[in-house]
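When the chains are written out, they are named A, B and C in that same order, and each has its own residue count from 1.
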Amino acid sequence: MSHEAAARDTANTPDDAGQRPVPFRGGGFVHRPLGPVAPVVFLAILALWELGSRSGFISPIALPAPSAAFAALADLFKTGMLWKHLGASLYRLALGWTLGSLLGIAVGLAVGLFSLARAGLLPLVSALFPVPKIALLPLFIIWFGIGEGSKVATILFGTFFPTVIATYAGVDNVDRGLIRMGQSFGLGWLSIVRKIIVPGAMPAILSGFRISASIAIVLLVAAEMIGAEFGIGAYILMAGALFALDQLIAGVALLSVLGLVIAWLIGKLEKRLLSWRM
Amino acid sequence: MQLTLHDISHRYGGTTVLDGVSLTVDDGEIVCIVGPSGCGKSTLLRIAGGLEKPDGGAALLSGAAPEGSLNPLTYIFQDFALLPWRTVEGNVSLVLEDHGIAASERAAIIADVLSRTNLSDFARALPRQLSGGMKQRVAIARALAVKPAILLMDEPLSALDSQTRELLMDDLVALWSRERFSACYVTHNLNEAVRLGRRIIVLSRRPGRIRDVVEIDMPLAERVDRLAELELLQRRVWDIMREEAREADREISDVA
Amino acid sequence: MHTFSRRTFGALVFAGATAIAANAYAADKIHVGILSLASHSPSIIAEAKGYFSEQDLEVEFVSFQAAQPMAVAIASGDVDFGMTAISGGLISLADKGVVKVIGGALQETPEIEGQKILVSKAAHDDGVTAPAALKGRSFGITTTGSSFHYMAHKIADKEGFARSEIHVKPLQKVPAVIASLKSGQIDAWSIVPNIADGLTKGPEVIEIGKISDYIDNYQVTTVFTSTKNTEEKPQLVKRFLAGLSKGIADYNAALVDKTMSEEETAAIVAMIHKYVYSDQPLEKADPRIRAGAMRINENAALSLASVEDQLEWFKSESLAPATATMDKLVDASFVETR
């Protein structure tokens, strides 16, 4: 008892006998969630930008004022063209991305599961993945026409390859121990694929979705270069051709919002499908 | 049902890991296999369960499987091998789904094995929510669900802390007293071996050969109260193994 | 817009605020933007024959793939003079007060073969044998607000059907339009004779009319420069136009009126070949350069009426700011206007 008390005493009086606190060396290197920083930064940049434009510091040829871009957006909304452009783009995105992802998952699973498919397809996928799909546009026009075909095809091809790679990498990363467990309990091949390999590859496939969705949006502008009357990409291209920078910025903002919404949706999907992880 | 390993030899690349190993697991008997690391214990177990083909010799079964056994040779893995995206009951359900059992019957089997392993309250929990000991209980429940004839246990308690290991050993003993399952139990932990084994097979270092067999006649249920006697047995096994373990430790391993 | 470099961007950002006096470039070195098209030959000839040197100008050519980036480069000051069709982008930049049309170049004239209206074989078989039948048909254009767009609508106007009944298909680049027309993915297109003649030689494309029937004295391309040049260096602009005019005269004499000797003409073709069809050997490029040369206005004279008609069309289609005016677009003080 007395020993303890003494210890406490000395701890409370650090000056005695030259004692001092151990210097603190921890902390840092940890991200704290800081709620509203992003919107504040965003609004501050917008305000600075507007101020620069109003004062003439930023030439209107270099960048239109945010208010001008907002006015262009408002015009789009008022004339109802917004929905026409959005509708056309969303249709192409949805169709191209869905088909590209489904095909990509199918081929990715084949590459992940069958040696023959891996030997035959993987070099092909690796060779075609880095080809800019924009370079293939003239071919797509001949193959798929200047209607919706070539636009959907551009997005499909753009999303197909990253999905293949994400899927087969996901399959490769499935815990071999789980597969062995399945075999040891006499599960059928299809059961192992369906119940062990596909769910096990799902995190990789979903993060592949994030990438392929972004690529799809990037390719939207390229896809709508050809014969598109409506679509956000076509609107941006038209604004560029007319040097209507306010419309250009408005269109780019629409693409950003689209990207954010899609990222949010994929986040929701991840939460649903991967709730077992965290 | 009886499992016989006859003159098993196996090589990985140029290295012989098993050399002429023969042993038999009789009905209702727990056979422990111990040996220094790298002696091919786990390989032997994989061969016993048909997950790997031996280069020489054969794994043989004799006698009929008990009635209703869905998977006579059933493993319990060191890393539990639970699907992290399935709940406890989902993990048990997995091994029943391919057998064309009606959903209601399946639910009954699941409820039964979970109650036998005291897991009923955790049926809907995900593996990440469970401790290591609970996870291995789930794996045991899963194994019981297919009514195995012989359990092939690959270091089932090695990933657990020592207190949990004690608890699970008690569980296994209780389970064995009720079900009288036969098992081939691979471990590097001599204490587990003397607590659970009817026979302890000591393998030499690589290439694994049978160095010695220690028989323990003491009934499983009594062993927890006769630890002093077991301590002596454990010493005996260790004396057999010590030199092998020392040599194995000094070897540069090229086999995983 | 790949030519819109970071440096350019920086320069633009600060242009408004600091307005650094632009005596940056050496004595009288100028940059002239060109496209690899025969219609840009006068600048090439003037440079090769030393007409610009006579004016004490040192010319450096900057090649572009399309008219739009050239207009932007002139606005930014990277290029001093250019020659392209009047486009929505050009008018938009003029409205912002940074570029000005200072002269005319290619113009449709009744006596010289001009731009042609072409249709695909499939459309022709389907009964599109005259421009009147283009109602309800697709028409290839490069971009919204390009000269092709204008021509399509002028055809609709004169044939008396709504502009929306001719379906314009933006395809970005001339080769894409050609590919689409040949494969029948679009029904119709209009283009300068040297390209049109090459296409109609094959079975896939058929000529059904002339643009000159639909647009009077169409001023197809114009010469333009930055507003800064017109205001701060009018003498430089005049000297450029003087050199260019001599190049124009040679071009017309050699390839349009064909009053030059064969020897001189061949020399001129060789000069042009350095920039136009340069990926082909001279023997192959020679006939292509000579074929279907269109007149370029002497002394870079400018048809104000045609420019105004085009401006009005852009505004009516909301392809140019409503605030754009002829005064903002054109500085008519340098050349003869008609």
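Simple rule for what comes next: contacts are C-beta pairs under 8 Å (C-beta built on N, C-alpha and C of every residue); 3 or more make two chains touch, one makes a residue touch a chain.
The structure presented is a predicted model; accordingly, all values stated were derived computationally and were not measured.
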item: Chains contacting each of chain A and chain B, listed by label; value: none
item: Dominant chain pairing [most C-beta pairs in contact]; value: A-C
item: Central chain (by mean CA position); value: A
item: Distance from chain B to chain A - Cα centre to Cα centre, in angstrom; value: 46
item: Whole-Å separation of chain centres (CA-atom averages), chain B against chain C; value: 84
item: Distance between the centres, which are taken as Cα means, of chain C and chain A, whole angstrom; value: 41
item: Residues of chain B touching at least two other chains; value: none
item: Residues of chain B that touch chain A when the two form their complex; value: 49, 51, 70-71, 73-75, 77, 79, 81, 83-86, 94-95, 97-98, 126-128, 142, 146, 152
item: Residue ranges of chain C in contact with chain A within the complex; value: 1, 9, 12-17, 68, 71-72, 75-76, 87-90, 92-93, 96, 98, 143-146, 167-172, 175-176, 179-180, 183, 185-186, 319-321
item: For the chain A and chain C complex, residues of the former touching the latter; value: 56-63, 137-138, 141-142, 145-146, 225-229, 234, 237-238, 240-244
item: Partner chain B, residues of chain A touching it in the complex; value: 175, 177-178, 180-188, 191, 195-196, 199-200, 202, 274, 276-277
